[in-house]
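Shared between the two complexes below is subunit A, which pairs with subunit B and subunit C, respectively.
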Partner chain A sequence: MSQQAINFTLNGVPTRVSVPVDMSALEMIRNVAGLTGTKYGCGEGECGACTILLDGVSLNSCLLFAVECDGRQLTTIEGLASDPLGLRIEKAFVEAGAVQCGFCTPGMVVQAKQLLEQNPHPTREEIQRGIEGNLCRCTGYVKIIDAIEAATKDLPPAPLPGEGGNGRSLRSGTNKE
Partner chain B sequence: MTALDNYIAPTSLEQAVEQLQELGEVTILAGGTDLMPQANAGRVKFKRTLMNIRRIPELRGITREGDEIRIGALATISEIMTHPLIREYLPLLVTVGDHFASSQIRNAGTLGGNVCNASPAGDTLVPLLVLGASVELASMLDDKLFRRSMPLPEFFVGPGKTRLAPAELLAAVRIPVPPKGFVARFHKFGTRPALDISAISIGISGVLDKGTLSQVRVAFGAVGPTPVCGAATEEALEGKKLDAATIAAAAVAARDEVHPISDVRASDWYRKEMIHNMTKRILEDVSASH
Partner chain C sequence: MPETIQRDSLIGKRITKLDAPEKASGKTRYIQDLDVQGQLYGKILRSSRVHAKIKRIDTSKAKALPGVHAVITAADVPYQRPIGVAKDHFPLKTDRVRSTRDEIAAVAAESEAIAEAALKLIEVEYEDLPILADPYDSLKPGAPLIHPEPHGASAKHDHLKQAQGIAYLGKPDNVAMTFDYAQGDVAAGERESDVVFEDTFTLHYVTHCCMGVSGIIAEFDSSGNLLLYSNTQVPFLHKREFAEILSMDPARIRIIQPPIGGGFGSKLDIYPFEPICVYLAKATGRPVKLVFTREEEFLASPTRQPVILTLRSGCKKDGTLTFRTVNTLHDNGAYTSWGATTPFVMMQTISSLYRVPHCLYHTKAVYTNNPYAGSFRGYGNLQATFAVEQHMDMMAEAIGMDPLDFRMKNAQDPGEVTPQGMHFKSCGLKECLTTAAEMSGYREKFKINLANRDKPGHIKRGIGMASMLHVGGGAKIYPSDGCGTILKMDDFGSVTLITGASEIGQGSETVLAQLVCEELGLPLSAVRVVNNDTEITPWDVGVHASRTTFIAGNSAIGAAKKARSKILAAAATQAGLNADDLDLRGSHIVEAKSGTVVMSLSKLLRQLHFNDKAELVMTSFYYEPPSRHQDKHFKGDVSAAYAWATQVVEVEVDTDTGIVKMLKVTGAHDVGRVLNRLGIEGQIEGGIVMGQGYALTEELMVENGIVRNPGFRDYKLVTAPEIPEMDVRFIETMDGEGPQGAKGVGEAPAICIAAATANAIHNATGVRIMALPFTPEKVYRALHAAKKEAA
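This part shows the complex of A and B:
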């Protein structure tokens, strides 16, 4: 398999890696860049555990070819640790007890950020629709929806400016030649 | 192991079709939402070269050109759903997007990819058929970029099979701006609204004037090897007053003209009944709301 060198920004950190052409962005994030917050659930876009933001738009990193990340901005759950809206959602998940086994949580939080950026005050039904691509096998949906609803309190009515991509990396070792 | 050993990301349509012709063995990558899982499952084998077409500006954008709306092959389902031209002229596609997979997949999956995958259950295909869409195909001819247009019904050959020539790229989908009085409906039936492959889908469109339907188009998904047009159902409706008798006759025509298979999602009998019932329900709804 031929390798391809790609450059992108990972949680605000300029990153250069060489990847096999058929590698998924998920595999690259976890095994090449070493950020393991993004989870592998189903590998076919059904479960949403691998949700990341690409140029601020949420998608399944298991369905994304790593080579497509060239020149783009990736934000993973680690990047949301320094994002105001990300932090607000994280806090709401903790306070609502919206975490059981925790495997779906990173994907849920990233997708919740996307949802609240587009629609800062969603109804419960809109929240359900917004996370329909994210499965919780513990079936803890009620508290997850509660958490997302709670995170919208005191949010300004207009969409927040995108904060994605400006986060500090939790690892310093993400820049690889 | 695959024979994939080359990656290219052309930055113009001409460059892309030139390379397509020159290299021959090419797998096209757009959104990747179908290619990745199909490759992982071994249903698609990578050819020698992976061509990422996402850097080609001519394949982007949604524009009005004369009496047509041109949707670039790379337009994602999310982009289509939020685009002002689509919302104004082709609101059916907004409805379709709402039932398409999940937010994450709508953000990545492209219209061109959905069309080229040619799944009998492809969510955009039945709606595109009833909107009278055609595909814009690009290739090299005498060292020049050449584009041809093909009506969508001719494009589909079988599951995953189209009339796209080996050195040809789907550049755009073109849809006529609908006439006054145009109504269009799409219904997808599955076990859950999200992330489901439909058991059947059905689309009906036409121009409604004083209770009479004309220029009728009917299409069905997941009842044959390709999405199919419903000629007999169209005939049962064309020029007729949309009353109970017409609706009943159209529903029977629809049931009788589809030839579905039985599989894990539904039996052939169930699919035929659903086609009958949904045809009836859609037409009753059109009749009641106008």
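This part shows the complex of A and C:
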């Protein structure tokens, strides 16, 4: 398979890699960049375990070709370690008991970050719809919804400044098809 | 140093999981995320036929592909031995395939892509055999045999016949296993009955859908010692079984469990991919990593046991239960795993959930060419409860009794010893029943819904209840149900808790740490838990049967108590006080009555370490108090304690479309005592939603041996917007043997949901559906069939 060199920003770090043209962004993140926080759950965009932010918009990285990342900004769960909202969500997941086996958790956290950037004070129903593309087999979702709700406490009413959050229209739901 | 410290208990508090920060930040490394330097990638070629003889396999083209290190078939591993609960198959199939998941060949290559390309180059010639897709067909006289004798392998490997496995000797019929149980005289019971019902309930295929797919890494060192990175739920049983399968000394096998992306019972058996990965490591002399795709996970990981269950039960006019007769047919699939043994649990529900004097129980597990079933949270109890609890409602209606009163009249009490021999030392069933009914407004809503049934409008509400009984204090299935603990105290006042118990996300390591801190007056931050390496951890039978909190908890408490008395004795000597008057609180030794601080724990420990050769390593092994194993007639007590629950489900049925919405689940759970409130809530909520999927949305569709929906697109898991409102209360019966009074809870919340949903649909519509799942189509058809009948 022919290779292609691409340049992009990965969690704020300028990155250049050469990848086969049929490689998914998920494989590139995990196997080329070596960041394993983004999980393979199904490979067909149904479970949300591989959710990342591309230019601030959440999507399933298994459905994205790596070459499509050229010139874009990628944020994975590892990138949220330096993001105030991301950290707040992670802490809320821990405190609310939203983590059991934990395999869906990184994707959930990334999806929650997107959701709260667009809608800092969602209702429980909006949270439920916001994570509808992310499957969890352990928790029954209750404590995940609790966690996202708790993470909104003390959030300012407008979208937070931060990567990808500025100027986006307020919507519930996700960008995932 | 504080002057006084008052006692502050951790029990019942909301304790966050020790492993949660790593998991929430994406730093946890699951099997998929682990790489061993120099590893190759393993892939398996599975059968493209449902049932066929293998006429020829040609691997030459695959072997010639650059980057391929090994291509193996059964012929390359003459040493392979049969696996599974009945030892009825070889990891790599020899002369025939019996289901589409069957493993024919395996490749180890330098990348996954090369391994996949190599699979496509392997040529297999088949000769198709007749397909048995229905267990009834398998029982017909003259039916083709799934395991005819002798197998191709047996002729070649006569010396291995002593294993006596079906894989060597074959089977003269298609019956994999039978179970028979009897108590009393069902004929006499039937004569006493005023009402008798007989119905057949059909339970479908569902599968675990762990979010982390299956995987393993196998590596040999230069001395031939085998290291496995494995997701197993039963590391010590697997160590022994791998040794048998591989003809190795168990001492040469080490199993390390990385954090596991979901278990739910799916990882209790050894499946072919695991020994196959070892064969590849052996063939190449390199570490080999083998990880499933999601499609493979659907095709080649176990299912819940599909069951056809015929239940005949009766009662007197006054509501006294008289008898139950049960015949079940289990579709065993092509091979035997733990699913075949679920009658062990099913018969407990039949005989002992309520007081029934006369019982007869028969199961036949029958070979077909379908997927084979393993163990799955609830272990047959969802199926048994689905039938029993529907009949409870039907009998109550027939004698004109309120379903709650009918259950209360027949419910077990504490102290009861059932005819099967189960001893209910703590039993909160009656409290569960009344609490769940009161919380949900069951009686009133039941009547209102009945009154609304025939009123105009296509949206009907229903409320239904079901109760359950499940092991909650270990399960005496193996020769030992024990668990060991090693507790090490360092010179700073920190504890390393080394336990045999495995963590699969359910939160056992947090609960165990909590129990130790409770004894030693330590904050949770002072405890590290080591629980994933057979070379380090003491023996344990594994994480299953809702046993870990009870068994491993008691084991951890045992070690902590030893540390406690050693510390207090040393402190008493130093301070010139009586050890009985001292306590451990907030990392200090204090006077128990006043809370006055005597000294800091770390200071005392340093003195002991440096001056006293204190040997601050404690060991403890807990095996539930000696009680009889069941005899060969399945009589006897199987657990030190039993868990109870009642769940009430409220639904909305759209009679125009057949869509059933689950609105609310109210639960009352006898858990002995709540240890970690956050953790136990999570178990209950997750179990309820798993039960909801079983009842409403999930079905592995198997058509003539072929799985039609091997992916999340067509296998419908419940998503966040669909969950019901949940209201759960805990009934604390303080079990005398439980750790701090607690009993097991892991499986309980999934068990009643389907049964209670069936009762709720009946309450809403007057139509009783005895087959799962309640898809819109099935419900719509049932409603319209009933309408036609009425017309």
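Couple of notes before you dig in:
In this section, the second predicted complex is superposed on the first by the 160 of 177 C-alpha atoms of A that agree within 3 Å, B and C clash if a C-alpha of one lies under 4 Å from a C-alpha of the other, contacts with A are read in each partner's own complex, and residues count from 1 in each chain.
The rule is short, and it goes like this: contacts are C-beta pairs under 8 Å (C-beta built on N, C-alpha and C of every residue); 3 or more make two chains touch, one makes a residue touch a chain.
Just so we're clear, the structure is a prediction, and the values are computed from it rather than from any experiment.
By the document's definition of touching, neither partner reaches A:Phe8: not subunit B, not subunit C. Of the two partner chains, subunit B is the only one touched by A:Ser58; subunit C is not. By the touch criterion stated above, A:Glu132 is placed in contact with subunit B and with subunit C alike. Between subunit B and subunit C, the partner in contact with more residues of subunit A is C. After overlaying the two complexes on the shared chain, residue contacts for A:Lys143 are found with subunit C alone; subunit B is out of touch. Once the two complexes are overlaid on the shared chain, A:Gln111 sits against subunit B while remaining clear of subunit C. In the superposition on chain A, contact is made by A:Glu44 with both subunit B and subunit C.
Shared interface residues of subunit A, touching subunit B in one complex and subunit C in the other, are 43-44, 46, 129, 132-134. Interface residues of subunit A, counted against subunit B in their complex, comprise 1-2, 4, 21-22, 24, 43-46, 48, 51, 57-60, 62-65, 67-68, 70, 111, 114-115, 129-130, 132-134.
The touching residues of subunit A, counted against subunit C in their complex, run 30, 35-44, 46-47, 49, 76-78, 80-81, 90-91, 93-106, 109, 125, 127-129, 131-145. Touching subunit A in their complex are the following residues of subunit C: 14, 16-17, 19-30, 32-33, 208-213, 259-264, 293-294, 504-507, 678-679, 681-682, 685-690, 711-713, 717, 719-721, 723, 726. Listed in rising order, the residues of subunit B touching subunit A in the complex are 1-2, 4-7, 9, 29, 31-33, 35-37, 39-41, 46, 50, 52, 54, 78, 101-105, 107-108, 193-195.
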